[in-house]
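Provided herewith is a single structure, encoded as structure tokens, for subsequent inquiry.
Per-chain residue numbering starts at 1, and chain names A, B, C and D are given in the order in which the chains are listed.
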Amino acid sequence: MLKDIVTPHNANVFVGKLGDLLERAIDKPLGYAINWGRIWSLWPVHIETACCSVEFGAASGPRYDVERFGIIEAFGSLRQCDLIVVQGTITRKMAPRLRLVYDQMPEPKYVIAMGACAITGGLYFDSYNVLPGIDGVLPVDVYVPGCPPRPETLIQGCMLLQEKMKRMKARKIV
Amino acid sequence: MSAQLPPGLQLEKTDERIMTLNVGPQHPGSGHMRLIVQIDGDYIVACDPDPGYVHRGEEKMAEYRNYITNIPHLERPVIHDSCNILYPYVLGVEDILGIEVPERAKYVRVIASELNRCVYTLYWLAIYGIFLGHSTMFMWPTGDRELFIDLLEKMTGARVTHAYMVPGGVRNDLPANFEDVCLRQVDYFEKRIAEYADVFYDNPILIARTENTGVLSRTDAIRLGTTGSVLRASGVDYDIRKREPYDVYDSLDFETNVLRAGDAYARSKIPWLDMMESCRIIRDALSKMPKSGSVRVKLKPNPKGGEESVYRRVESGRGALGCHIISRKKPEPYRVKLSVGSFRNLIALPYLLKGERLGNMPSVYWSLNYWPVEADR
Amino acid sequence: MSVIAPNFRLSGFIRSILDNVFWIIVLVTLAGIPAIQIVLFYIEMPVIDGELLTPFLALTWLADPSRVLPIVKALMATDLFRIAVFPGFGLAALLAAGTIFVERKMLAKLQLRVGPFYCGKFEGILQLAGDGLKLISKEIIIPAKADKPIFWLAPVAFVGTAAAFVSLIPVAPGGWVVADVELGILAVFAVIGFFPIITILSAWSANSKFPFIGGIRALHQMISFEIPLILSLLGVVMLAGTLNLTGIVESQDSFPWIVFLPVGAVVFFICILAELERIPFDLPEAESEIVAGWLTEFSGMMYGLVQLGTYLKLYAFAAIFTVMFLAGWHGPMIVPPFPAEIITDGIQLGPVTATIPGLPLFDQEMLNGTIWFIIKTVAVIFFILLPRGVFPRIRIDMLLSLGWYKLIGLSFINIFIALGLLYAGVLGPGGMI
Amino acid sequence: MEHSQPPADSIETPGHAALMVKRFPDGAILSEDTARPQVLVPKERILEAAAYARELGYDHAESVTGVDYPDQNEIEVVYHLGSYTDESLNGTVMALATRAPREEAPKPGHDSTRLPSLRGTFYSVEFHEREIFEMLGVYFEGHPDNRRLLLPEDWADLPPLRKDFAIKGR
């Protein structure tokens, strides 16, 4: 009788239940704290893809200063980054590299498509070397329209991303 | 056979002393291009630039659009120098269509292009600062750049992509009391630009680091066909604004800056000196400008050109910018070729980096006044 | 700010905390009380004021907080407190956290910006907490073909070494130091010697090109700057006549050594900048040349640990500068002596009596010494941070020639000055002053 | 054409286009404008013509344009030559054009669309000629690396600047 109850399968179920219990106890406040930390510490990858990088540079300048929101400009290695801002046109030559950069970033990671070219191809909708938007390459979180977007627009995009992150589950802890 | 393979697919050399580094396209010191750098210890033995990450086919697309709708397209390669990159195209189209531009429009064009040159140069300087690890020098020019962007926004209505130059003049007249605001900003900026010397150009570490690195001699500068600040830092006094004055540059009072050293420091100093000259030009043009008058000649809709081939050039922030337009009696140009300063200066990069230290790579690369998006077109 | 997510409420947060409290109570009843009984049965409890510490005694804390003082005092005398809290890790981590915040704000002000602003209600004061929480929860990527054990070990060893460095520093008079080593300076040099090894190990184990170049650069830089670093301190050691750090501080009771050995202080300061990889000597992490140098492959909390270690190291070096040249905790008395009645009766303002429970734990000299030590250390940290906004990065050949030719020569000059003072009988053991 | 006039002393120089054609009689003058002379030279003699242009004072190539003429079944390559050293050539840019045969089904590098490279005479054409090779499929004989420059590594279509390469939706 006891042998029937104590089986590896049941032990697994028991451990799983315990895990659920612990998760239920810890997930909410810890998840709140971790989400809060992620919101205020978006470090963008240093990758420029086209001319919107000019306005991205201006956004980290003194007048717009995205560091107020915890976004550091020009961060070194992509292994420590969370945010990839696709700054404009993605050409056929750049697309595989962009995906490679995305794949090398640690979870959790977020994507902002900045500028008309990154969203739909923009002015270059009929060019032979430009992708019509980056949806086929990366999963985009926030679209920031404009050609190029003003820095204010980019900041608003970042704030929208923060709003989105608040509602995300923080449990994806690796 | 290996010479026929594209750069990314070539087999690496098996020499164990040589290490191949891929600098870019994701690299804090590369921008939108890739440099395949081979190093032996700390020395660069070979460098193969691999541009084209922003090649968008502007020239092909220009063949499908008429002379006017090409304007917003052709400014996209250098959005922060958009007036200057449109300038040769607009001059060429005026040649083809045979338009005479009103006097006031010429002055307005000069002012817009000089303001835009400052915008471009300040952004370039900011990136040069960050490439040398000097974060203050990123922030200060980025902040001061907003002054000129404000002025241009007043003039044109757009922050960076102005599309202000059109065949026959400029798109709209100056706003009211523009002269006062412009003079005030320029006065402030001239005070401010002197402070850059304190923190950047007179900085002993900067001087020690960039002097005598990447030296381009006068003969080599001519042989490689470099242009703009690279050429003038090597001692060749060649500025298209002086040598082939377009619009009203021959009536304005300014100097060209020439340095003889030809190293990265001289190349970085020339644009800074040019900005001061730009301030002079703006002030002079504002005083000589006719106070009223038309700024735009009305064009026929969908104008057609004759059968001719025009090559016009201006001095942009990165040097000579030539535009070769071939027209074949159609509303669309048959062929538009932009011969851009960045692309011409790129040829000097493998030549200069050979034998340099790895630490000099960012400073030499960016001192060439290279904007990858423009070079790729 | 919360426009889109209305269901995101503080009340939910509080409810989840209450949820947790409930679970804690359940767990404590089920597991905690049996554990306490086992402890009471089998483990000998400490004797405080002639009384055995029993649960009854412990529960009297609730009734009379002043009874807790002897226990806290007993705790403060233990090694654990010293290692974890006051002269050791706690103080250092607190100062390091403050350093990071001040660095970002100061740099921003220098660059006409605002800096971190919205994180935390006041001036982005919680920015560091945000960064830390994010780094903890981030994925850790180990490169393929990396040497995994060494790659894992390197950040931990880095923080461990930095903490070992911190433990050697005397903070206040009366033996407030974790490890009062007789040959303190030699111990410091021995600990510093570990950093290049850890750096090159992590760089090599990552099996990647940019970390490798960064590691080699760090090795060059640290080794070539350790020699002037050691030599520049020799003058102080000669004049103080002891290798013990506490002894060196005590030898400066009338004047700091920087008065007589300014050359050594300058050399030591430059060597600190190089050892810490601060701008203008941040070659091993040079962003625009080699991505992030030897930190390129670190992700998540491994990077966080390295950063923590770096700032602990920064505090430790600044503290060593204070100890060697700025007379450590010596300074004019700024803390008034505590009157006995305040300690026993508390402050009486009309009908209200306020007791200050913390006061009896400290004595006056210790408090005064700590304040002076922290003021001086913070000043040194400020000067270490300042070049970041002013200088561009130096090049490796300039760096090596600076280390090998100029600084070693200057530190020998410093030694000669010290020797001259010693033999002239002005200073040193048995000197005039 | 409304070009700004070069300084007075350079006007005395006989038109460089005329000089060129005098030297190479099988060439053709496209424009005799003093500021922008344009000459067309057959591809067999382009090297000599470039050397002669160098003697005339032109020391660098500013721009190299490739133009496709499918109706004439030819591809034209225009070298815009300028001078930094010669003061009298201040505002002058000579366009030296040559033409290569064009193939309907191009195999870049392996067909008859070939031209001699001017890199030996004007070093600055190196990257320009690489660009023309990928954009129009003109193989430059004597060029040290006829490699791809701007297009993606896996580009297998027609060279994009040919007129029969149609872009999306046009």
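Here, a residue touches a chain if its C-beta (ideal position, glycine included) is under 8 Å from a C-beta of that chain, and two chains touch if they have at least 3 such contacts.
What you see is a predicted model, and the numbers here were worked out from it, not measured in a lab.
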| item | value |
| --- | --- |
| Between the pairs A-D and A-B, the one where more C-beta pairs touch | A-B |
| Inter-centroid spacing, subunit C versus subunit B (mean Cα positions, whole Å) | 48 |
| Interchain centroid distance [CA atoms averaged], subunit A/subunit C, Å | 34 |
| Sequence positions of subunit B contacting 2 or more other chains | 27-28, 52, 55, 57, 60-61, 64, 130, 138-140, 143 |
| Residue numbers of subunit C (touch at least two other chains) | 111-113, 287, 291 |
| In subunit D, residues with contacts to at least two other chains | 151-153, 160, 165, 167, 170 |
| Chains that touch, pairwise | A-B, A-C, A-D, B-C, B-D |
| Interfacial residue positions of subunit A with respect to subunit C in the complex | 21, 24-26, 28-29, 32-34, 36-41, 61-62, 65, 67-70, 74, 76-77, 79-80, 82, 104, 106-108, 159-160, 162-164, 166-167, 170, 173-174 |
| Complex contact set, residues of subunit A against subunit B | 45-51, 53-55, 57-58, 60-63, 73-76, 78, 89, 91, 93-94, 97, 101, 123-124, 126-130, 147-148, 150 |
| Subunit D partner contacts - residues on subunit A that touch it in the complex | 91-93, 125-129 |
| Subunit C contact footprint on subunit B (complex, rising order) | 19, 21, 27-29, 42, 129-140, 143, 199, 203, 205-206, 208-209, 357-362 |
| Residues of subunit D touching subunit B in the complex | 1-4, 6, 30-31, 35-36, 38, 59-65, 67, 78, 80, 84-85, 90-91, 93, 95, 109, 122-128, 131, 144-153, 160-161, 165, 167, 170 |
